[in-house]
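What follows is subunit A paired twice: with subunit B in the first complex and subunit C in the second.
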Partner chain A sequence: MIIAEAKPNSELLEMVSDCSKVLVVGCKGCVTVCNVGGAKEVGVLAATLKIARRRQGRTIAVDEVTLERQCDPEYVDEIKDRIGDYDAVISIACGVGPQFLSERYPSARVFPGVNTKFMGGAVAHGVWEERCAGCGQCVIHNFGGICPIARCSKSLQNGPCGGSDHGKCEISKDVDCIWDVIVRKMMSQGRLDELLKFRPPKSWTTSRDGGPRKMIREELRI
Partner chain B sequence: MDEFTPRIVAFCCSNCAAAAATIADGLQHVLPENVKIIQVPCTGRIEVLHLLKPFEEGADGVYVAGCQEDSCRYTSGISKAARRVAHVQKILEEIAIEPERIAVFNVSAGMGHAFTEIAREMTRKVREIGPIQA
Partner chain C sequence: MSEFKSGSNLEKVLRAGHFAFTGECGPPTGANVEALKKKAAYLKGMVDAVNITDNQTAVVRMPSWAASLIVMQEGVEPNFQMVCRDRNRLAAQSDVLGIYAHGIRNMLCLSGDHQKFGNHPDAKNVYDIDSMQLIHTVKTMRDEGKFLNGQDIDVPPKIFIGAASNPFAEPFEYRVHRLAKKIAAGADFVQTQCIYNMDRFREFMKQAVDMGLHEKCYILPGVTPMKSVGMALYMSRSVPGMDVPEDLIKRLRGAGKGKVAEEGIRFALEQIEEFKEMEGVAGVHLMAIEWEHRVPEIAERAGMLPRPSV
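Then we have the complex of A and B:
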């Protein structure tokens, strides 16, 4: 899923400093699962804005809505009859959400309420780790099912660098050297020799180096 | 000038704090009228939004009174509550409100005197800080 974290409330307060009626829009997708942009967090942000205004001796009306997803137009459409009522909209979906809202409602002032961090998963309650860099050409099968692009600090694909120290990466003692993990896994499976196979350089044209990406599947179009 | 009387909401664990309240009552230790009690089966169920709502509705202070860390009825309820109180303190700081307006206290069922003293201590502290509204 996409992992995000809440923006500091001070930043959000500044964004809506001249607004008296705000709509906070959550998303039931990834950001609900990573506890940053679902219905609960919509409620927390709405309460926080009201408390902050109470402090300032001012009032603010904050309405709450949580859409099924903010990355699908049919759900974004659900607020078409009410979005004109607000001075501003704060989307606490990933970076896709506020952009879809902005595109669908060109006259609305849409603010992002979270910082989108990475694609990953929960390794424990309250702990998320990056697993995918979205390079557009998955190669994890060559590395024991582990992605060196997302998980090596240098995205090296040909072995560890000199910064690998007793299984840890030089950037932090809390970060595994993923090449140490890959090599150990391939050894345990008796497939270490596969790492020695010649592979042509990876094409990055499917990644961001190829510019903004778009995908069309004709069989799904209507 | 009239002395400011802070409005305080206390979330109290029904396993320890409520028993302490009963003992306090027996000892005729009266709870200050400005402290409103919300009894919960376990403080571990209290979420961030629960702690923020009283502030939204006009409270000047909030506290959680739950079990001792090493004898929580549900093992880790009070530890979870403490982490959520810490999170709310961070939220309050970000919006320029004194984080001391929210606190967590550990009580056991026999601490009748402490139960009312916590309410008085919180009242004193929040009175010193003043009302939330400028």
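Then we have the complex of A and C:
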């Protein structure tokens, strides 16, 4: 799923400093699962904004709504009758949400309430890690089912580099060297010879480098 | 004495109020030094500086800095081009120091064509900083003597900073404002995309003059003589942001067999004549692509010779 984290309250307050009526829009998708943009967080943010404003000696009206998904026009449509009532909208979905909102409602001012971090999952309660870089051409089977594109700091395909130190990456002792993990796993499976093959430069045309991406599946179109 | 920003020949020519004339030269797709020297020889004495392209159209070539050094040894002042596609901010700043250390004084800051158009479409692109930010970076390095991170530079590079402008890309209304933004970021001179639609360029220049941009920056419209009808059609249909009016294509077609190139040159000469009189225009940038050997003739017929020595 997509992992996001809340923006600091001070940043959000600054964004809406000239607004007196705001709609906070949550999403029941990924951001609900990673506890940053669901109905609960919508309520918390609304209350926070009101309290902070009161401390400044001003008031702000904040309404709340949480959509099934903000990355789907069908659900984005659900606020069409009320969006005109607000000076601004704060979306606390991933970066897709505020963009779908601003595309659907061109006259609305839409602010992002969270920072979208990465595609990954929860490895423990309250701990999320990146797993996928969305390069568009999956090659993890060559690396013991582990993605060096997303998880090696240098995205090396013929790693590990000389900075691998006791299983840790040279950039920080808090970062695992994923190539250490890959090598050990391939050794344990008796497949080390596969890693010894030279991996030629990858085509990045399917990644962001090839330009903004779009996918069409004809069989699903109506 | 002088308050020259770089002391380059191009800067001195422009500062002295001469109508500048710059050329262009693409480095070889290999280490063919002789081919490069031959091109440089055609340009020597014909122009005030020569743009040395940087892996143009995203095709791998001898690097701009290396080719710049070679043409400099041949007595031609280079205008080193740098694109943001192939280097991050470390490499960009490092290369600026490198070219300055070797005596290069002009630099054109560009985003660069997307690698999709070139011969390594599978490549990752960098675009760590964009052309606007690159202009500002070089200005900061020069005027404040600081790197992007704020650290002091031990002998800052004194570079005459160039930028590009395409008056014909969309949205047309925004183009002049983007030019203004580049000037505010630090551009000392601007070379434009090849101009063919003179009506539109006149309008663009009028806007630029109304905003006073010509007083803050030297503006050099780009001229590329059409060699053939095929080239005109290709430019019109396949080169993004290129505006080739139907009238010009008709005119080239009407020239008759074997005379199209001469007609292309005539059109370029007419353009140059008009640019000499156009308010706000400080010179012309002649991009005779793979036609360097025709530059002496064009320079002569355009009344550009001899080039001023300043």
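Of note:
Just so it is clear, the second predicted complex is superposed on the first by the 219 of 222 C-alpha atoms of A that agree within 3 Å, B and C clash if a C-alpha of one lies under 4 Å from a C-alpha of the other, contacts with A are read in each partner's own complex, and residues count from 1 in each chain.
One rule holds for everything that comes next: contacts are C-beta pairs under 8 Å (C-beta built on N, C-alpha and C of every residue); 3 or more make two chains touch, one makes a residue touch a chain.
Fair warning: this is a prediction, and the values are worked out from it, not measured in the lab.
Taken together in the superposed arrangement on subunit A, subunit B and subunit C fit without clashing. In the superposition on chain A, no contact is made by A:N115 with either subunit B or subunit C.
Set against each other, subunit B and subunit C touch different numbers of residues in subunit A, with B touching more.
Residue contacts after overlaying the shared chain place A:K202 against subunit C, while subunit B stays out of touching range. Looking at the shared chain after the overlay, A:T48 reaches subunit B, while subunit C stays out of its contact range.
After overlaying the two complexes on the shared chain, residue contacts for A:S102 are found with neither subunit B nor subunit C.
With chain A used for the fit, subunit A forms the apex of an angle whose arms reach the C-alpha centres of subunit B and subunit C; rounded to a multiple of 10, it measures 130°.
By the document's definition of touching, of the two partners only subunit B reaches A:K40; subunit C does not. In the superposed model, A:P8 lies in contact with subunit B only, and not with subunit C.
Contacts of A:G210 after superposition: subunit C is touched, whereas subunit B is not reached. In the overlay built on the shared chain, the residue A:G57 is in contact with subunit B alone; subunit C does not reach it.
Superposition on the common chain A brings subunit B within a closest Cα-Cα distance of 27 Å of subunit C. Interface residues of subunit A, counted against subunit C in their complex, comprise 201-205, 207, 209-211. Residues of subunit C that touch subunit A in their complex: 114-116, 121-125. Across the complex, subunit A is touched by residues 47-49, 52-53, 55-56, 58, 91-92, 94-97, 132-134 of subunit B.
Contact residues of subunit A toward subunit B in the complex are 8-10, 13, 40, 43-44, 47-48, 50-52, 54-57.
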